[in-house]
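Here's a structure for you.
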Amino acid sequence: MTVSPPQAPYVCAELYAQIQQFYSRQMNLLDGSAADPVAWSQTFTEDAVLGSNFQETPDTGRAAILKSMRDALAHISAQGTGDFRHWLAMIDVQPQPDGTLRTRYYGLAMATPEGGSLKIRGHVLCRDELVRRAGRWLVRRRHLEADGVPA
Amino acid sequence: MTVSPPQAPYVCAELYAQIQQFYSRQMNLLDGSAADPVAWSQTFTEDAVLGSNFQETPDTGRAAILKSMRDALAHISAQGTGDFRHWLAMIDVQPQPDGTLRTRYYGLAMATPEGGSLKIRGHVLCRDELVRRAGRWLVRRRHLEADGVPA
Amino acid sequence: MTVSPPQAPYVCAELYAQIQQFYSRQMNLLDGSAADPVAWSQTFTEDAVLGSNFQETPDTGRAAILKSMRDALAHISAQGTGDFRHWLAMIDVQPQPDGTLRTRYYGLAMATPEGGSLKIRGHVLCRDELVRRAGRWLVRRRHLEADGVPA
């Protein structure tokens, strides 16, 4: 999605609070010693697509998304970067005529090694397509654009 | 505005969600390759005043605010500091008897040069006076107080 | 509290906005030149308990919590670390059957010395038990888990 113009209507508080909670919980499932990649992957639809400007081809399907995340977590663990945290904020929500949502938000990844200092790993511009299933939001499409990656 | 005391009433969710969306979108219009300073300036009233502890005199009027921001963006671009991002959070909203709002929030400015690492540029305490026009919030007065600036 | 599973219901917007405002204001009372430790301590119940993985024993009671915070602020001031700021985000709220709330959120502490650069001091995983008193939320129990602290 593109940036909302100044005159775009605001979404209602119930929807905005749901999306804020969705992202808080999704990231909580990924971070720290309580990380649960399987539960995290269940916040994506079965046919979800996750692409970025730092990988060659997007991951298609929940199983592929889970595998990529497990590989990333193993890589992070092997490097000893320590407790990983993801912060998401500056959320903009654009409802679509078909009931899906387009969202645009910022992400910060940071980690603190044991006995060491926190290091910010990078900033990502995130764009999602969310769908509602059984009263919960799920990601059907995600595109991550890390800052500073040469085009 | 001063800090809200512990017993201050909470503003309703609709208002709080509107203000969160207002700031997300306002900053989205300023950041990254999609930056649109003209659209950003339209989130201020025609007679808005923007002052800070890091400039001699405040900018008065939308045109002056736009010119200062364009100068700042050109300066940032010339320095090669890379993709710029503004995060705003910790928003406190105090409705006024005349229907305007006073807000107080924190801002973090950060940038990532191409191929380089993210650098936090600084922290700012922000105070706004917001007015409602045609169903949208606009900034009528903003004061920015950057941390670490000698008094 | 543990991490909310993907299928956990969202809390309503009114509650979520109240909690966001509660934390914004609580931290505003602690930060910068306007810091007011006494008012900050009044956001805890008289019998509140505050523990962490970076102190030997928890503080029990509002007076003990206030004393610890005053000691910490004096220590920070003596070190010349400058304007201190706390950011809280990624809030998850789990209502309990007895009307109390369990919350889980992330905190970042940062400071900017006069004339110097901002330094992130550390990341904390925070877990609270909140109770409602006279229309306001208060902390009855808080546990802070700083990242990178050897177990």
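Should a chain be cited, it is by its letter among A, B and C, assigned in written order, with residues numbered from 1 in that chain.
Throughout what follows, a residue touches a chain if its C-beta (ideal position, glycine included) is under 8 Å from a C-beta of that chain, and two chains touch if they have at least 3 such contacts.
All values reported here derive from a predicted model rather than from experimental measurement.
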| item | value |
| --- | --- |
| Turn needed to bring chain B onto chain C - CA fit, degrees, nearest 5 | 120 |
| Chain copies touching (chain A, chain C) - same or different residues, decided at half shared | different |
| Length of the line joining the C-alpha centres of chain A and chain C, rounded to whole Å | 25 |
| Sites on chain B at which at least two other chains make contact | 12-14, 16-17, 89, 120 |
| Chain A partner contacts - residues on chain C that touch it in the complex | 2-14, 16-17, 89-93, 104-106, 108, 120-123, 125, 147-150 |
| Touch list for chain C against partner chain B, complex | 12-14, 16-18, 20-29, 32, 34, 36, 39-40, 42-43, 82-83, 85-89, 110-118, 120, 134-136 |
